[in-house]
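Please find the structures below.
Next, two complexes with chain A in common: one pairs it with chain B, the other with chain C.
Here is the complex of A and B:
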């Protein structure tokens, strides 16, 4: 017994340490990449806290609420309006795609998801031309909101489709057997049960629209400058300023907060098939 | 009462069933209608419009004598603006290669070794906030006097040589699209049974051989899908070349079409450029979807 055990005991530490070294290298690699990921944010955070002459200052963030306040407010307004439109459009759409039979469903789903794959500049130029020559929407905030909605509603559609597919039909059948109308079944049974999927869609839409600058640059009405567009314009024309960095940091912190809250409440499962997983 | 339909001749029941089926189809179509209307009004009609516009000369669409049709715009895209097309393709291709080289090991470690995946995911959302903040952050890092200055001085590189250059643009683009590559490869890797790698090792394969003979063939679809997704996203790169590129990188198509179309109102040329971009992006994403097999609807 002991004669067999001894060589194994002798061999184990070496193999063990080599394996651990490999695993450690893996962890180090992942963290190194993650640091690079967060580096642009962290350096901006540091920069946003510097005052004149390299001092430490929080005034930049007061400036965000003061001078950039209007931009932030417009960003929230555009994001909010887009959320409403997306919800109205994606909720019945996803329900029909999962629960109702109709011809050409697959093709239709692909056609509805196409906006995700069209470059922002193409959406921007096509909409600005159409707004100018056909729709006459160039001075209305609705032009911007519909541009945001068409680009992001597939992000709302997919999580709801996933959530509906996970929901067994028996809940709806039971509700119907107990005498609920279709309307009641949907709002009292289905909607609460697909809540996480709907929230995932809302969060994704909010984050993308809240930080969108490219399509906005093309189609924004003259009196609307959302916060990310302001950042883009300032960085491109006015050089760098700690206040601009403070605005960018604020935007990212708000977005990150929204994601963290979502992860905490619902976990990551409902984001399958979208950006994050 | 309930048994009564059974007394009816079969064709009546069949008719009733068919009518119900048709009703359900109609309700389904009615429920998708808002989404379809939104997409048609704000995506497909505008696309058709720029295709038409791309065959009109300059801003002649507005001229009182009616638009002047020709293929001059496409001619210009393929001759005078050919360098712009090539730079765009080059940037997208380079950042795809960078993403593949760094993304495969990352996805492997993430799927096989790491238990705190949610923490990694939380970090990986930062690029999703947009290429703008990445480009802004890198511009600040690399500017003379920025945090990277001592390092660059030690290496003897003038910081403007790095700031306005191809590598910095490619680097920013790679950060932006890295999660897509990791997501795609990771999904394929998590479907591969880890015992296959152990079996390969037991049979005497070296790590490199295991990668080439076992892992890559089994994750091929995920790798290809990742390459195509990343390429498709990067083809429309906008903020990175503008904020980090030299004059060469600033020729990227998306930025050029903004300049020509919105600033100089040469609608025809800008439309032709966006049609080219659109075709590349749609073809690439079509194949990426075929490879990722990520269809939600079946």
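Here is the complex of A and C:
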């Protein structure tokens, strides 16, 4: 026995072998990155719970349910209306782009993605001009919603286009041969199967619109102040108060929650690779 | 239950002709297979019958109804695809009930039909599963049940077995035939696999270049190929190019005499040929016999050659014989094939009158 055990013992790695040092460096790197990325949020969280004189004060969050509640409601309203408009534009748009041949298709698709590459300030100024001279939308929440939709619908369109491209035509053909109308085929077969794409689009749009502040600053009507705009205004007028930090933390948690909810409801169900039989 | 008639149907993609003035008559309850290599237009033809592709010309009739411009959903067809194309988000039962559900059928009626169909394809009790939980063969059977549930006038199959492994193909092709016989539905089946076509068809249409090369039963096509494409595509065949040099005999005993690179062959009579015409003489490998010394065996043709190699394939041994620069394949079965294994040198080959087919351009 001992003659067998001896060589194994000799083969045991030294305490600070090159491989172990490499693994250690890897861990340090991953943790360092995590700290760098998470630290700002933790700092914010800590500050939001700080009362006068460095005490612990959860009552900073009372304003979230008070006056700040209106701002959150308005943010949800704007985000929700934008989601509906984006979906109504992107679903038929993506279907046409993927399923039908027409001249200039690629050029059109590139053009439709343009809002992603235009700076928010440029969109903001141009929309203010457009609203002032043409549509008189400056006093309506629809002006703000329209601005959000213009800026974000490529985020909805692209994932749906990708999902549709991945969907074999034979599902639609099978449905048609079984007697389904185009409408039935779309809602019973196509729409459920592009679920991952739609949910990705919804999630991206929601996160961006809910937290958007620059374009909002330009085009928001006087009676509408979204949550990010309120935070910005508070910081500008009252400095960095812990109560303001509490509002910011709330926004952060809502965005985070939205991601979890969307993946829970839409995402994972179709993301198991089952729809490509 | 329906007859299907295609009248000079054609399909052009740009300037490429996919299907060229194609005629077809399928009787009620008949099982017709379109057989051909990839790109021969067989799938395009099937998709035009289904309404998934619009023809560039011609008309399509189910019974006496002109369906040429009807949408697929108005034709009441059952289309089985190469992939099962089951809706992955619906259970097996919902997949089978889909056709009835979109037609507004009541739920109890759908459930009853689904049970009946599941039993019919031998998958009773599988209704609650998702397609991904079934094997490839089971999925294709559900696809069959799904199209049969709508009681279609015509069943259309687009290489439904090509994605399955070989053992499964063999069992499933007889299941398909069995279901078609039991439901007495008109069926059109597309495949590039001739053993599949031979196993299940009442009639076979051999297609090439968007046209029907020959239409007939299995034995028609195998024993009397009308074109050199059919002669070469169906089964193994030896083709020798030559020229008709004469005709001998009369009436039933008439035969063509062919000169193939200096070898004289006697070919079966066939109308439409003339002296001086370029032809190809075909002899099936299993129709050639290796003659014992000093005996011609009464064959119309005898050729001398040397054995190149012998390939033992199990039931038959394939002998490659060099006859003056041309290689002939001879299939030998029975005990004779075992004696052949060490055969070398010169042999004499005997065979009956060859099939004579005009040389393709």
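Some points to look at:
The rule is short, and it goes like this: the second predicted complex is superposed on the first by the 242 of 277 C-alpha atoms of A that agree within 3 Å, B and C clash if a C-alpha of one lies under 4 Å from a C-alpha of the other, contacts with A are read in each partner's own complex, and residues count from 1 in each chain.
The rule is short, and it goes like this: a contact is a pair of C-beta atoms (placed from the backbone, for glycine too) under 8 Å apart; a residue touches a chain by one contact, two chains touch by 3 or more.
Worth saying up front: this structure is predicted, and the values here are computed from it rather than measured.
More residues of chain A are touched by B (comparison of chain B with chain C). Of the two partner chains, chain C is the only one touched by A:192; chain B is not. Of the two partner chains, chain B is the only one touched by A:126; chain C is not.
Look at A:112: by the touch rule set out above, it reaches chain B but stays clear of chain C. After overlaying the two complexes on the shared chain, residue contacts for A:44 are found with chain B alone; chain C is out of touch. In the superposed pair of complexes, A:256 makes contact with chain B only, with no contact to chain C. Of the two partner chains, neither chain B nor chain C is touched by A:76.
The intersection of chain A residues touching chain B with those touching chain C, taken from the two complexes, comprises 275, 277. Taken in their complex, chain B has these residues touching chain A: 21, 24-25, 27-32, 34-36, 38-39, 41-47, 49-50, 53, 61-62, 102, 105-106, 108-110, 113-114, 118, 120-130, 132-141, 143, 146-147, 175, 178-180, 183, 187, 232, 235-236, 238-239, 242-243, 253-255, 257-258, 261-262, 267, 270-271, 274, 277-278, 281-282, 285, 289, 294-298. Listed in rising order, the residues of chain A touching chain C in the complex are 168, 170-171, 173-181, 184, 188-189, 192-193, 270, 274-275, 277. Listing the residues of chain A that touch chain B in their complex gives 23, 26-27, 29-30, 33-34, 36-41, 43-44, 46-47, 85, 88-90, 92-93, 95-97, 99-103, 105-106, 108-112, 114-115, 117-130, 133-134, 146-147, 149-150, 153, 157-158, 161-162, 165, 207-208, 211-214, 217-218, 228, 231-232, 235-236, 240, 244-245, 248, 251-252, 255-256, 259-260, 263, 267-268, 273, 275-277.
Of all residues in chain C, only 50, 52, 71-73, 76-79, 81-89, 98-99, 102-103, 130-132, 139, 146-147, 150 touch chain A in the complex they form.
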